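Should a chain be cited, it is by its letter among A, B, C and D, assigned in written order, with residues numbered from 1 in that chain.
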């Protein structure tokens, strides 16, 4: 009986954690639709006029989705060999956090912030898509971003320092009567302007302030070239680097979607018989 | 007589569908002017002050253009050997849809939305320009865009997810009293900010909201580098790829503007005697 | 005497049209300062509060500058061998147009538009800087822009068509009560949004309008990558193309600032004895 | 005794000016925290509501930081062999200017502008980070920016000229009644629009003004490609240039943070025994 139970467990594990079998694919599609539906629900609930009219419908739908997610969560915990490792994994936490808000609302009423916690469900989409695989084609891009990470950090750091210094100057020039009520707000305005967003809720009124603002804008316009230049240059060099694109692409395409039932590790090679991390028989 | 009729049909087909003969070129120029004139008419009609003063003139002009388009449509249907194929082709649909609104307005009065349908006429310009040919020089660009399509899709998908998550957070932080009345509106604000458009119709009012907004802006400013980097890198690699630019360019330049009278297929080779798609004698 | 007069003329020509002699350089510097001063004057005059207080001073300064420009213009006409050619040249027209407004104001009073005509003086700066030479280092850039001209034209054409179609749709969706009073205004809003400027004087109010606006913004955000990609790729290929950078740079650096006294042609080679265009002895 | 005093001096010099010893590192970390704390203080002080409630706390904190900075400044002057050179160096001036405002406020009261002078402290962060070293990875970027400096200057010059000419035209078209009260303001608006910031505090109202504004925006949208193209192309060529990346990177990584106690020169090689600038024994 233990054996049959294990087989049953294994089958469920295959359906939920993998996408190789038809049942596994179906499960993924249903989960994807449920997640998107639940995100739409969260959004609609926040619209007052809709919530007032369809409150009952929204509430029931939310309960159905919450229960579905609860069942899924329990099965996930049960079918994995090391449940603790799953529960405290990144996706395990998200699965839990995006499920419990509705239960908590039973005891404490509809706390605003809790409802929004459900937006975390969006992050679950990444698991289904097995994003790494879909990104296959864009691996160069990810590498380029990684390679230029340090430079972009330096760049953003420079932007923040420029914003603080220029923001302080604008605060002195424009003063409180023109909306630059304090330095933090001035710095906020400076970031709004440097990034060429330009809300216009605060705008310089004095001629000298407008002159300074012009300089801020031209600086912002000029430095927008820097991250772009970094990324595109890195991306070009990434593209040139790969000597055998067909070869480096291959393992990715042939990598299967199986995940170890013991440690939830993924990206096993196609013919792999044992988990590369824990040695578990796949 | 059937023969002479066929000749007459063939001649008209040559004038309307092709641009190789002087008559065909003249027809294209006249059509181009008519289309632009009709677009200007649609625009002017929507301006109340102009419509009130010149209503009669605009109405008559619109009728003249509609009748011209109707005649053109009928000739197109008649001169093509397989009219059904033309009628249900992309351009056939646009030709019809951009012509009928005025007739419908006879029976139902000037329905607003119908008038705008006429803006579809703009799409007809593409046919005249035989865009593919004009784009000849920019083929690398089109290829680069195609090659980076998947990556840009991933990128836009990421932007939407970021917008939903940050929008939900902003909704919680700012609340309804500061214009973030519901999550969809918050997400809308987030897209406005991420894309550095920044209308300013909604703007964060609380210090913490402004701090978060600054982060949103810097993220938006940073990620604008990504599609640019992709496109320019792909474009560079496209430019380097073509080994014999003179050769690959040639067929395009020598490609003629003839289109098969049977199946409306275009891009026949210069000396081609038969349609490459249906074998019809050109 | 005719000979001495010719010598005198030649000297003046050398001072005004060239920058090789110390006197010629001094003249250029003085002219540069005068032009900038006159632009500042035009700007200050338009500021009401300043104009009211310093009207007399501004008026006298303007007269002094106008007279200086008049003298310069007369000398230019006199010292050139073919004055007619100079008068109807691009710079000849600008010299005249930027000088006469003050005289006309004597007879007709200070006509608004005339005052602004003086802003054309700005264009004269280009002559002094002998821009082509200063741009020497950026020749690759100019070549890259020229090479990508056709593609950018196609791109801008596509932007305008997108703006007209989306503008018409927004007009139908939002309607007059939300600021989209007519199609031209809607198209204007669409360009404001597509280019990520986002004034916010018109902003969508209905949820569906905001949804459409989000799409417009994401499109605008995406297509900003295209011209950047084109320019940077072309620029890279331009940089790689030049096989002997030292050689191709040389003629430019050694090109002198002499201009033919007969036909005002410039860019003569350094040791050139005769004008390459009209054969005049330099 | 002089000897022991010199040793004591040397030790302090090592702690303050260098980051090789544990004590030196600790000093840098404490200084970094103090600087950030003092910047936050300046910001909070400018927020009225916070200043009113916590005035005493902020004042005392500011005094503590000022005294700490004073002690640091005195030690710096004492331990350096050529104090005059330090005092008039770039960082020496910043150290002084960012310390004295609080003392001056004792005599003259809290002058507004003085408080902001303290924002200069931010610049001191660069010294601690020994920025050059952190930038190591981004040296290509700095080189690319240097190489494209001239071209970007030409570009910005062109932007300013375009802004002045278009600004003048917009002033004539829109006039004072629509917010374009004078030419400088019009030019300001033009820069706001060209850089795609778009505050919306001034926006064209007349149809023709909106048409011109559309052109301004499309120009701005188009020319944003230019600096980006320059930087990314230069950056790519910089990346390709370096033939032995491992070698050129090496000296940087092995460069130590020692600075000469005599002339404050930095960037000594790792095994260096004498200052490369003044020959002082390190």
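By definition in this document, a residue touches a chain if its C-beta (ideal position, glycine included) is under 8 Å from a C-beta of that chain, and two chains touch if they have at least 3 such contacts.
Keep in mind it's a predicted model, so treat the numbers as computed, not measured.
K.L.:
Between B-D and B-C, name the chain pair that shares the greater number of C-beta pairs in contact.
P.N.:
B-C
K.L.:
Based on mean C-alpha positions, I'd like to know which chain lies farthest from chain B.
P.N.:
Greatest centre separation from chain B goes to chain D.
K.L.:
Whole-Å distance, chain B centre to chain C centre, using C-alpha means?
P.N.:
That gives a centre separation of 33 Å.
K.L.:
Roughly how far is chain B from chain D, centre to centre by C-alpha average, rounded to an integer in Å?
P.N.:
Averaging C-alpha atoms per chain gives centres 47 Å apart.
K.L.:
Residues of chain C that contact two or more other chains, please.
P.N.:
184, 187, 196-200, 224, 228-230, 232, 236
K.L.:
Quick one: which bits of chain C touch chain B in the complex? Just the residue numbers, please.
P.N.:
These residues of chain C touch chain B: 150-151, 154, 161, 164-165, 168-169, 171-172, 181-184, 187, 193, 196-200, 203, 207, 210-211, 213-214, 217-218, 220-222, 224-226, 228-230, 232-233, 236-237.
K.L.:
Which residues, counting only chain B, touch chain C once they are in their complex?
P.N.:
39, 42-43, 46-48, 112-113, 116, 119, 122-123, 125, 134-135, 137-138, 141, 144-145, 152, 156, 159, 184-185, 187-188, 191-192, 194-201, 224, 227-228, 230-232, 234-236, 239
K.L.:
Quick check on the complex: what are the chain B residues that touch chain D?
P.N.:
These residues of chain B touch chain D: 196-200, 228-229, 232.
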